[in-house]
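Report on one structure; see the data block that follows.
Per-chain residue numbering starts at 1, and chain names A, B, C, D and E are given in the order in which the chains are listed.
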Amino acid sequence: MRATVGLILLAVIGVGVGISLLAIPFGAPKTEIGDYYIENAREDTGATNVVTSVVVGYRAFDTLGEVTVLFVAALGLGAVLATAGGKRGRSGVEPASLILSAGNIFLFPLILLFGAYIFTHGHLTPGGGFQGGAVIASAFLLVYLSSPGKRINESGASLTESVSGLVFVAIGLLGLTHGTHYFLANFLPKGALNTLFSAGIIPVIYCAIGLKVGSELAGVVDNLMEETE
Amino acid sequence: MVSPVLLLAVPLGLALCVPLVGRVSRRAAGFVPVIASLFNLVVSIRLLPTVLEEPIVANLGGFPPPFGITLFAGPVGMLLSALIALAGLVVSLYALSYIKTGPTVRYHTLYMLLLVGATGVVLTGDVFNLFVFFEILCISSYALVAYVGDRAGIEASVKYLIQGALGSALLLIGIGLLYGLFGTLNMADIAARIDSVDSVPVFVAMALIVVGLGVEAAIFPLNAWLPDAHSSAPSSISAILSGIAIQVGLYAVVRMVFTVFGASSVLLFFVFLGLLTLLIGELCAFAQNNIKRMLAYSSIGQMGLIMFALAIATTGSVTGGLFQMVSHTLSKALLFLAVGYMVYRSGSLEISSLEGMGRRMPLTSFAFTIGVFSLVGLPPFIGFPSKLLIVRSALAEQGVLLQVLIGLVLLATVIEGAYFFRVIQTVYFKKEEGQEARQDAPPMALLSMFVFVAFIVVIGVYPNLITDVLESGASELLERANYIGSVLG
Amino acid sequence: MSFLHDYVYYIGAFGLVAIGLLIILVKRNLIKLIIGLSILDTGVNMFLISVGYIRRGTAPIFSRPGLEPDGMVDPVPQALVLTAIVIGVAILALALALAVRFYKTYGTLDLRKAKELRW
Amino acid sequence: MTEKADRTGSRARDIVYLFLVLLITWLMLTSSLHWQEVTTGAFLSLVLALFLARSYARLGLPPLSLVRLWRLGVYFLVLFAEVVKANIDVAYRVLHPRLPINPGIVIITTELSQDVAKVLLANSITLTPGTFTLDIQGDKLLIHWINVRSEDTAEATRLIAGRFEKHLKAVFA
Amino acid sequence: MIIIVSLLVLAMLTAAVAALIYRDLLSAVIASCLVSLLASILFFFLQAPDVAMAEASIGAALVTAIFVIAIRRTKRYEE
């Protein structure tokens, strides 16, 4: 019954979407907005990666919302798992072999550095706060796998989360009070193209996002691994 | 001039502060939502007169539309944001005494972010931005429904999440189609170009978006999650979900259908859908023994009524629909708050266990009764002028069809009255067995309930206080050309 | 061949969407449902990216001086998908946490077996 | 000198050590000597080094020197050559109609003492197709070998690890 | 080029179908990880390196890890 209804639904959606796709030919020249961004992004935001200039420049407000979504999910996950109460701790995990643990100590700082490289260069090369944050979180994931007893420093993580989020909001509000009087306006000097210290607020925001996403995702993994009896 | 973006930025910043405050004192964390909602209420009310003359269009980042994201603060946006702030303020006061156990700091943070999401949805003028704020609203509701962590809460939350996530995916496909067709995400820009494209793809995009948003708005075939979620959540959250979240979902549907798509041809379909939602909601509510489930089904019915009124699309009926939104927020939130403590004292959700509450909790029962009277539409409470307006404006339309439909609406109201008065009878007139000590809700909770009671009575007696706003809201929704003009200049 | 040339990405995207929807509609195991959601998300993201593609376009990054803005693909869908991916992960994480709690409460991952809330 | 001052000294040495490792990595990542890149890299490396130097010191890495880096470079060249050779060998065996393989598990011993050196050896063995390190216990490595040519520990050690061990010893000496 | 893309799409869809069929949840998760990886390669072909990076690091790596943790804490087989 349910499957039949589902299949009919699928068929209807499929036919509808198929017809509308005919109106959106694949690979056709882009839209005015895309053109505008590609033409003007370097001048408007100072970033050479146009995707970054859209994510943290033209549509920075979306990104603020997106960071909030992740924050909500991390909080919600904590709340859902915390209400079980009882003793906490991880059981049934044996310590990993020398290869994993020594390799991990060796790699941990390097992975963190790599994550930082990705989010500090978000306006120049592919990548940015989210990708860098995910890399940082995967470093923590490695730690959990190699030494199961290790816990993330929870108060440190939540401090990083809150403070980096506040930095984002504060930069937005500074744009409202300084210079242009627009929320999230790029009020810092834009610097020379293709150098690290350019693009005004973009690298600053991306650093905040990278730290926030990294600590949030690491916290998510940590919370999920927590065994509650 | 105060920018409407403060309505989002300040509560968001404060929400990020809650975990920090919570470290110093867990109790203090509960006051942050109060402060944020108060701020929003003051700013919204201050902006209302300005907005009535001319809507405020805020370009974020200083990029002109359609290149940046635009916030559009018109009468509807400001009315709803004031309503969200008011309900948020009152319910956060209530939560100070109601939410005692569990990870309270996380509760207050999530609660604030839910309000931020709702405010964002009503203020934004960008389709994708709407999606982002909608997700904030939805994800925080999923988490809050499961807050108590009992069997019912977990199950309700899981069902809600699966259906909601499915809805968001469809919504995103719809947005992708819109971008593919029009090459822009700004609502006004899309609205201005809507006729430049073949109507079939536009219709498919609209269908996907309406279905996606309709899950949250509890439109008839998409509302299976609602009774579970609203009845299993903590009562303060039920109040916000019933009073705010679903209405914000409905607002989003209305904004897309009226303003962006300008789809007058499908409105009759929505009239029927609204009526169907209304009848099914009220009939199911009639069959319930569980008081919170009854209220939840009644919310479905009310959403149907609001949709019915909005979809008739005359100035009078849209005004009535918006009025009913205000009335439903105040009454239903009040009912959930009152029921929260009644259930807490009786220890059961069964309606029969509320016997003798009239004597045990007189003030709470009084507030409950006011809420019921208002919801059913008795004078002199707010529900009366709003329902009257809907009925009058529907009757003013020519055509037998609408006359028949309005008859069905009245029938639904009768059903609503029947099951609500059964509860009132149980609360007051059933004889009770053992005399139990009188023990009312704590003062903070009573205060919050009576704030709602005051609003219900005052607006019920002087509906003219808000009709100006409602009427200009109606014209904002009905006249797309003005909307397009004020955004694109 | 030209059919493939025009539609292969759309087929991939909507194939994933269809399989994801199918998993959600047919399966009752909670974790399986969540896998379905993740496949569905990937499909939607792929659709958005293919909307922005331009034949023989280049990535919208001026990585070295002298690159011309002509023939770069549309950056907007890429920005949107970046947002959508993160939102998708957020939902998945919350859903999995709920699944873990669900299993602890009911001792099963089968949604049919949870009957707390039938009228 | 008191013990405390000694410990401070060794801690400072650990920090500098990790700092240099990270800075070199950063310069390789950015492949630029622009002052902005270098200062940022130095700042990040310093912050990470301050936090992580203590656990990093447990690895027991030998002091940095140009000679060692040169030998490490030589080692990587040897590894690369071995990987290419082994790839050809395995490809030949897989494509050969009679499939001349003789899979099995052997134990080899290593004279390397530091954990990092052992891990490096184990990873090099894993990286070469045909051999795979399953575990390390003390100075013994458990190896899965696609074509066991000798069950004898000493002989197996010479065949599998001999090529790498010489260079690794030079690096870690 | 178009042949390679078509094969990748085919592989991706096959992996998705495998995720639908497998009763072993762990295998299903690995299949869905494969879907993400192939999708991220296709994003590269579609000239979206930013998205490809995000999909590979978040969609393929982290999501799979979270799935595996959740499965370890619940049950491995669909009943």
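Note that contacts are C-beta pairs under 8 Å (C-beta built on N, C-alpha and C of every residue); 3 or more make two chains touch, one makes a residue touch a chain.
The structure displayed is predicted, hence computed values, not measured ones.
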#### Entry: Any chain in contact with chain B as well as chain E
A, C
### Query
Of all chains present, which has the mean Cα position farthest from that of chain D?
B
### Query
If you average the CA atoms of chain B and of chain C, how far apart do the two points sit, in angstrom?
29
### Query
How many Å are there between the centre of chain D and the centre of chain E, using C-alpha atoms for each centre?
31
### Query
Using CA atom averages as chain centres, what separation in Å is found between chain A and chain E?
19
## Note on the structure
Per the C-alpha centroid definition, the whole-Å distance linking chain B and chain D comes out as 61
### Query
Of all residues in chain A, which are in touch with two or more distinct other chains?
13, 17, 24, 30-31, 33-34, 37, 49, 51, 59, 62, 66, 69, 72-73, 76-77, 80, 84, 126, 128, 130, 217, 220, 224
### Task
Send over the residues of chain E in touch with two or more other chains.
48-51, 54, 58, 62, 66, 70, 73
### Message
For chain B, give me the residues that contact two or more of the other chains.
### Response
128, 132, 135, 139, 142-143, 146, 149, 157, 173, 179-180, 185
### Message
With touch defined as at the top, which chains are paired up in contact here?
### Response
A-B, A-C, A-D, A-E, B-C, C-E
### Message
For a test of understanding, state which residues of chain D touch chain A in their complex under the given definition.
### Response
18, 21-22, 25-26, 29-30, 34, 36-37, 40, 44-45, 48-49, 52, 55-56, 58-59, 115-116, 118-119, 122-123, 133, 135-136
#### Entry: Contact footprint of chain E on chain A as seen in their complex
49, 51-52, 118, 126-128, 130-131, 134-135, 137-138, 141, 217, 220-221, 224-225, 227
### Task
Over in the complex, which chain E residues touch chain C? Could you list them?
2, 5-6, 9, 12-13, 16-17, 19-20, 25, 28-29, 32, 35-36, 39, 42-43, 46-51, 54-55, 58-59, 62-63, 66-67, 70-71, 73-75, 78-79
### Query
Which positions of chain A touch chain B when the two form their complex?
13, 16-17, 19-20, 22-24, 30-34, 36-37, 44, 57-62, 64-66, 68-69, 71-73, 75-80, 82-84, 155, 158-159, 161-162, 165-166, 169-170, 172-173, 175-176, 180-186
### chain D partner contacts - residues on chain A that touch it in the complex
97-99, 102-103, 105-106, 108-110, 112-114, 116-117, 120-121, 195-197
